């Protein structure tokens, strides 16, 4: 019995890699999914596949629609949704995913630096765990799956 | 992890074959499903199996009931629903499937020629992607599954 | 206890008026709702309110989005959904509404001329009643609400 | 038949007042709801009612929990959810509400300046209308409720 | 706050009248709903309104479709569903309603003579109360609504 | 991709065997499930496992509870629910299962002799196919799964 | 717009009265519901209405079934569910209600003395607010409904 | 086709082992899941992984949140939920799980000594089977899966 864990949010640091590495080291029965993390591809997929647009608004809309096919399907399939907030950028899509997952009743885990605590209080309050480092979430998953403490 | 993609709509052109060929060429982790596309069988299945009817209305009803066992089950199982509208025929069943999929929250992709844009505006507005050629949808699926642009 | 009945589909004949008149004559405890039936307003609402678009596709998309706020909400609130198909135009939005209502489990009533029977067989098969004249549907509603035959 | 419209997001400008004024001027059958917009009360309600906390994290958690009783209930009751993003602050709770509403299938309307278009593209793609000024949303509601263009 | 109670099943004895009388005598805040209990009208409504059929099967189908508009809607709105089984007739529609209500999570109350106990064991096992006389169910409703014993 | 088909109802004739034989002969990708069809075991399982009861009512209740663990779970997992009505016995559990499956939105197929048509009209009206012989349902399943007529 | 608040749990202290008094004093737009709090009636309703039982187990079952008609219906209608745990008795029905409400997605508020914190940690973790005195919950409701701090 | 059975409740006796042993002896197609039963780990997981807390309340909250990731996910995946109540401790989490499972529509089996009957009457009334010894539940599962009596 595998656990499917969706990794949403920040794409400019190596937190996904650290989680993958940690899970592998502990040989966890976990399968990670997530959005397309190639920033350029994610921005341009709509125009590249379905045709270019003059207005930035529709260029973005086309891309966001295609990305939503992936993200909503994979969030819907996930057992656990982890959302990472970095200190840079707006990251509204991360908060959107958190709200989306919460409304679906998915167990939510949030990952961010302590300095973001106040700004993220509504998101954190919807979470079953709030961590500061990816390795903590690997430990959470290990405990959840195997019942073992670090 | 496979993606199941239901292909609804037009049965008189080769768009399903083009999608199958495209997906195979790119070795996508995708499984296509769809209605019975043998027009005669689809029309007559009710009478052929459950007994003939004098009135066309009940002849059609019997067949449509049996077809619905297949179509609703497969749409319910699908990760993505693609609906193709051609320029011929009424194709109300295609639009019905689109509405059905939308209400279930299935990601919807619509395929049609630009000349049908106005007539299909409500259907398109419920879609996450609108394409003109089957190959574009193969590219959409490839991006969605593998994160790669064409 | 009122019944809310959503009237979807054809906007170029007087079927809605005939239903309203019939329901009034019999003093039915029914409230009719439906889409905006002013064709021009329905087409242009997006551009008129949110700003014009160069491309017809996005012009239509903007309008269809706003119309969907109304139609999906009112279908969601309806006790019964009636869908009328005329012999003109594609009317894919009518079939879309029928599929949408069916997936929500709403009792569906379809209204069309006998000549459309074959083209509408999948839609009819999802309906609890298929009528040819609006007055018949008034009689259906009267029976459903009051238990009285015509 | 009233429409209930939840107004989420930015609390430091007068957009809610402008919407209320616009709706009143047009005598719309609309009832607005929303979060507690008194910033201080919203931050401190947990500690003020349930007892103070030493750590900011738990101070925030207590308050966010109580606020969630209100926001989730009112979003759940709403016919339409409007989310406003300003150019200041993180506003992750606004994006969270948008995702929450989207997953519940609530019609979503987003309000923001054009300069935020790219950052909000996933949120906008989930919306049925995107506006720049509150008065446009009043016009959207008027059209949706009464079928009249501005 | 009223309670809506749907009364399904047997139409050839006076159990509905006895429940109505009992509820009135105790002035219960209850509203009873139910199927059309005029046997002839219930059988013929389809043909009478939508046109006659040569085959009994389709004659019945048309009527059953129209009756389902009423019964499914009212069961869906009910707070409590009471199903009465008499010793005569098959009454499969009563058992169908019981299963339908159970799957919707509606509190189910069953009313029948002790001699039917074995034949109804699956239905009874899905019920929250099983009574032998209508007056007992009035007492159940009185207790449920007002907290008072007989 | 297998289809799971639940076979509910009559346990005193060989219709299940005929369906199994037919499906095997045609090598259908189908898996049949159903209730425990050993009449004695089905009646006594509660008392035999959980302890005997003096009253027949509670004896039946205990057994029906345990049987419900099986039947509700398997109906919930089924793609298609077939319900067979014989001419003997009350078979209220069969009609209960039909209503239960209908409320879950499961495609329903009903099997019975023509003489039961009138008594079963509400059940038939909820079905997507009504057959008289098990072999017809095998043909329905074959068409639904493989698209081939008999 | 009223808020409906279900008060579950302990029936041997005056916490419900204190909440009612507090809400009245502040004139809150709130309607309280709850189980039957007459202990004797609650225990005996089954036997008193549906007939006595020799075994205590079935005596209890009959009563619990009738009480469930009330409690599940009112919890299902509630906007907020408050559960009170006292220091006496097992109160498993209170914890059952809390789990039931949590699974339905109802905002949960828990009321108990600090000494019960450890024993109630799973229940508290599912709550949006945990209070020690009924007056605090009145304050929570006042803030939630009116946005005002104590 | 395996059955997944979640074992909730008491962690200080060997009932889970007895169930596992019984199921193995009979070679049942069953997979047991459950909470982490290491009492210390279960209490401390939050602090051990996410950082210690000064207040017992938040120490407990952190741990309960992480445990909920496991328990809610596994209950959601279970075909059957078994809840065991012992005569010691409050075991409110067991009753919470029972209510949670009931609201999800999961078949519920309860295991306890006869002396707890009265205190557990609401929980028992929501169950499809109530047993006194783990071996009885193994027999229930065997009957449910294989149709065989002990």
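A, B, C, D, E, F, G and H label the chains in the order they appear, each numbered from 1.
In the analysis below, a residue touches a chain if its C-beta (ideal position, glycine included) is under 8 Å from a C-beta of that chain, and two chains touch if they have at least 3 such contacts.
Just so it is clear, the model here is predicted, and its values are computed rather than measured.
Asks: Call it same or different for subunit G and subunit H: same when shared residue numbers make up over half of all numbers used at their interface.
Replies: Both copies, subunit G as well as subunit H, present the same residues to each other, with over half of the numbers appearing on both sides.
Asks: If I compare contact pairs by residue number, which of D-G, G-H or A-D overlaps with A-B on over half of them?
Replies: Repeat of the A-B interface: D-G.
Asks: Farthest chain from subunit D, going by the mean of C-alpha atoms per chain?
Replies: F
Asks: Indicate the whole-number Å distance between the mean C-alpha point of subunit D and the mean C-alpha point of subunit H.
Replies: 40
Asks: Quick one: subunit A and subunit G, Cα centre-to-centre, how many Å?
Replies: 37
Asks: Specify, in ascending order, the residues of subunit E that touch 2 or more different other chains.
Replies: 65, 68, 125, 128, 130
Asks: Please give the residue numbers of subunit G that touch subunit H in the complex, ascending.
Replies: Touch list, subunit G to subunit H: 56-57, 60-61, 63-65, 67-68, 71, 85, 89-104, 114, 116-126, 130.
Asks: Give every residue of subunit G touching subunit E within the complex, in rising order.
Replies: Residues of subunit G touching subunit E: 31, 33, 36-38, 41, 44-46, 48-50, 62, 65-66, 68-70, 72-73.
Asks: Applying the document's contact rule, which stretches of subunit E touch subunit G when the two form their complex?
Replies: Per the touch definition, subunit E meets subunit G at residues 1, 3, 79-80, 107, 109, 127-131, 136, 139-140, 143-145, 147-150.
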